[in-house]
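Each of the next two complexes has chain A plus one more chain, namely chain B in the first and chain C in the second.
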Partner chain A sequence: MSATLEDLKKTFAFAVPADVLAKLDPAKPLTAQGVDSLAMTAMAVAVQNAFGVKISVAEGLKLKTLNDVLAFVNKAR
Partner chain B sequence: MMNFAAHLLLEKARLWPERIAARCQGKSLTYAELVRLSLALGGLLRGRGIGPGGKVFIVLPDSFSFLACFLGCMLGGVVSAPLNSRLRRQDYVECLADIEPALVIASPGHEALAAAAAAGTPALVLDDQGLEPLLRDAPAVAVHPAQADDVCTFFVTSGTTGHPKVVIHRQEDFFAVGTYMGKFFGVRQDDILLCSAKMGHAYGMFGSLIMPLQVGATVVLDTDKPTPENSLRLLRTEKVTVFMSVPVIYTMLLMSLDAREEALSGLGQVRLCFSAGEALPEAVFLGWRARTGLEIWQGYGSTETMTFVIGSRPPLIVPGVAGRVIEPYGAFILDENHCPVPSGVPGQIAVRGNTVTRGYLNEPEWTRSIFTADGLLLTGDMGVEHDGLFTVLGRMDDMFKAGGLWVSPMRVENALLSHPAVAQCAVTGGDAGAFSLVRAHVVLKPGHEAGPELVEALRSHALELLPDYMAPTDFVFHGSLPMTPSGKIQRFVLRQDASNG
Partner chain C sequence: MKTRAEAIAFFRQQPDGVRPGLGYEVEAFRPGDAEGVSELFYRVYGDAYPIDMYYIPDAVRSAVELGALHPVVARLPDGRIVGFAALYRSSPPFAGLLEFGLGMVHPEYRGSLILFHLTNELTDRMTALPDVEAVFGEAVCDTIITQHSSALFGFREVALELELMPGGGAGRISCLVLFRNIRDRKRLLHAPGFCAGELRTLVAWAELDREVAVLGQEPQQAAATRLEVQTFAHAGVMRGNVHSLSGDGAAALRKAEAAAAAEGCRIFQWFLNLAEPSAAAGAWLLRQDGYRLGGLLPRWFDDDALLMQKLLDAPVVENINLYSDRAREILAMTLADPLGEPAG
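Right, the complex of A and B next:
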């Protein structure tokens, strides 16, 4: 079964402050929405652990939006 | 006389009083104003009985106040300790005990003020709004006729145990950094510089103070934490020409650009991009070149060397490699007996050069341990050399960097061990995508169960006790940890397991 945006947001609950997470626009770059480097790192870890995928450096650079992350997870699984 | 602050400022203020020395929060500071404020700050300190040899902490964001305090100290012969302003109260308590300054200068509400109060050290609360009123009536200090060998600055860096190491630098070191790095970078008077590293670190001190002021250029100061939004905004609005940053910021900048957006067009003025602090991933180098047409220069150095001893610049940049030795430094790869190894054989990187520290404050044993019998500085980094090109392979001890800042594993472990669920733990560096991170390997006490709630509890606990960049982002639970026969945790085994898994 494919992961959904909601699954993704649940995964990020402890990586990103709740107020920032609630307002995230899935189509906009995360870095432009108050997600700092510490939170980005925690999100990358959460994705790897929750979905059992490995993010390479080159792939990681392309995961700019929540939609990008979702597509990556569903393709990699 | 060898007073570096006088060398930086006095002649330039005569030659170009109206030239802009610094920009911060939309305001400009001319060279003439910077000299006046710095001399007055020195005078204010002198009025408080703090003169040559006296010691002062500077715990301020990058700002006009920071520049005036640092340069004012140096003009008056006062030894300054510019400190990272993101540390926790306990860090400042330890630094105060080590250095025993006569005064702590910090921004309103800062943790360092509470530490100063507890230690009974006088404090001065300062921000840019308070700078002019504070100094309006202060007399200009008589410039201290410093000698080359005079200690002028302490940089504080983390040690493996978490106890701060106080790295001593002298007037001569500043002069040499200015001269040699000036040649390497070729920064010009008409350049506008932005450096993501803060001036409490040797890298930031170089990028935001030594290099721009040395040539009479303009520095753009960011009082906030560097973020891609801030950096991009300042690069564009301030027409920055030289951007000095760290890999995590280049990564975030690449990730903040929408695929449809025109290739970093607002960076049109930037002619030089530089990265240091951590190894720059090849994919980031290539991505940046594809988007901007610019190749990122790289540097390798340490607080102990004060500046970069190995570096690369176009047309000789090999992605993923630190580069070649920068004039006039020497770099060597040594075996465990401190003998040079043949080209291509990994060993410890050792360096020579006249900006290298003479040692750590109050720590003669640590100081002895970082020098070979021939006087080479042992960096603690493993490296390999091929045809004059150096690659840095990682630390020999358990220290590591996350987001470009040093993390002491024992300090993070002690914080986690103070949580009631933790029986044993070991902390290592790791990575996810292009981000470097702090990973905690934890053995739980009986009756506690690994799960998302516990992870969150452990992370919150760590955030209360540690600077934010040291708090682990990844928790791995183990039944037991790999140990040596003598009972030490084998962190290297955990590191290998993680990179293979």
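Right, the complex of A and C next:
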């Protein structure tokens, strides 16, 4: 079964304040929406653990938006 | 660049040549990275980082050669360093227990996953380093993000250092200690009776193979008192290791505390070797002097340590953000009355 944006947002709940998470535009860069580098790190760890995928440096360079992360997770699983 | 002042003066004169948006590689440190690492410390902290060594490239290279520092770096195609994280020797007497930290990213790359990849790389590498037997980290409690990430990397909460670091306007910052064992054997702990239950709980959470013998209040004396004390005047913290205590032990502990207080310290920490009955029994003395339980520091002396801590000012509990029920349980342990009454 494919992961959804809601699945991702649940995974990120510990790393991103609820008000920021609720307003995230999946097509816009996360860092332009109040997600800082510490939160980006935590989100990446959570993605690896929750979805059983490994984010390489090359892949990580492409993950700018929630849509990017979702596409990566569903391709890599 | 032989001194901190020379290095900072040099970096101040150099334009920051880092261009944003480039690809990078994450790898173990190479000797030729040292200049870039020192410059990164300057670009991230200005002249404010408290440890001189990191501003001096030769000192960084030397620490790596000696095994006191195991860094990974994020390197741009032109060789510039834009990310750094390391395992490093800090306060523990046991050289096989290293601290995980110093994570930093150049300001132009803060929106990247560099810190994540540095942490991944270091976590992957640490189990293969022959001289690293265990690793710990001090996760700040003004946010839960670092704590939670550390847990996802396999670290377990074992202690809470109340009000350890100076903070900004919101007061001091407590640190949750998280631990990960790599190579170990079964060990005997001497647990002071007033906290034996708590220590058993922490041993179980950290998945340690330990036999716990409970110590009463009867005196336990070694042939000699052996203490080491460090004071961190800028942070107002005294940190001491208790290897063994003789008949003069109580006086030695009080003398060290008084000397640190005279230097301006308001936070006092003693790490007691639980393999040594006389050191462990020192916890009874400290408890009488107003010290509270801080938790268990596995492998601190190779054998485990009990952390006892005293604060001259009451901790601001509302500022302590914790990510897990276990961490909150450790907070409750630390807030219990030093003489055994539950926190009220």
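Rule of thumb we're sticking to: the second predicted complex is superposed on the first by the 77 of 77 C-alpha atoms of A that agree within 3 Å, B and C clash if a C-alpha of one lies under 4 Å from a C-alpha of the other, contacts with A are read in each partner's own complex, and residues count from 1 in each chain.
Assume contacts are C-beta pairs under 8 Å (C-beta built on N, C-alpha and C of every residue); 3 or more make two chains touch, one makes a residue touch a chain.
None of the values given here were measured: they were computed from a predicted structure.
**Q** Please determine, from the superposition on chain A, whether chain B and chain C clash or fit.
**A** They clash: once the shared chain is superposed, the two partners overlap in space.
**Q** With both complexes superposed on chain A, which partner does A:8 reach: first (chain B), second (chain C), both or neither?
**A** It touches nothing on chain B or chain C.
**Q** Tell me the contact category for A:21 with respect to chain B and chain C: first, second, both or neither.
**A** neither
**Q** With both complexes superposed on chain A, which partner does A:69 reach: first (chain B), second (chain C), both or neither?
**A** So A:69 meets neither chain B nor chain C here.
**Q** Starting from the residues of chain A touching chain B, keep only those that also touch chain C in the other complex, and list them.
**A** Common interface on chain A, chain B vs chain C: 14-15, 29-31, 36-38, 40-42, 44-45, 48-49, 55, 57-58, 60-61, 63.
**Q** State the interface residues of chain B toward chain A in the complex, per the touch definition above.
**A** Within the complex, chain B touches chain A at residues 225, 227-229, 248-249, 251-252, 254-259, 281-284, 287, 402-403, 432-437, 452, 455-456, 459, 468-469, 473-474.
**Q** Under the touch definition given earlier, write down the residues of chain A that touch chain C in their complex.
**A** 14-15, 29-31, 36-42, 44-46, 48-49, 55, 57-58, 60-61, 63
**Q** Which residues of chain A touch chain B once you look at their complex with the stated criterion?
**A** 14-15, 28-32, 36-38, 40-42, 44-45, 48-49, 55-61, 63-64
**Q** Sort out for me which residues of chain C touch chain A in the complex.
**A** Residue positions touching the partner: 23-26, 105, 110-117, 119-120, 143-146, 148-149, 152-153, 323.
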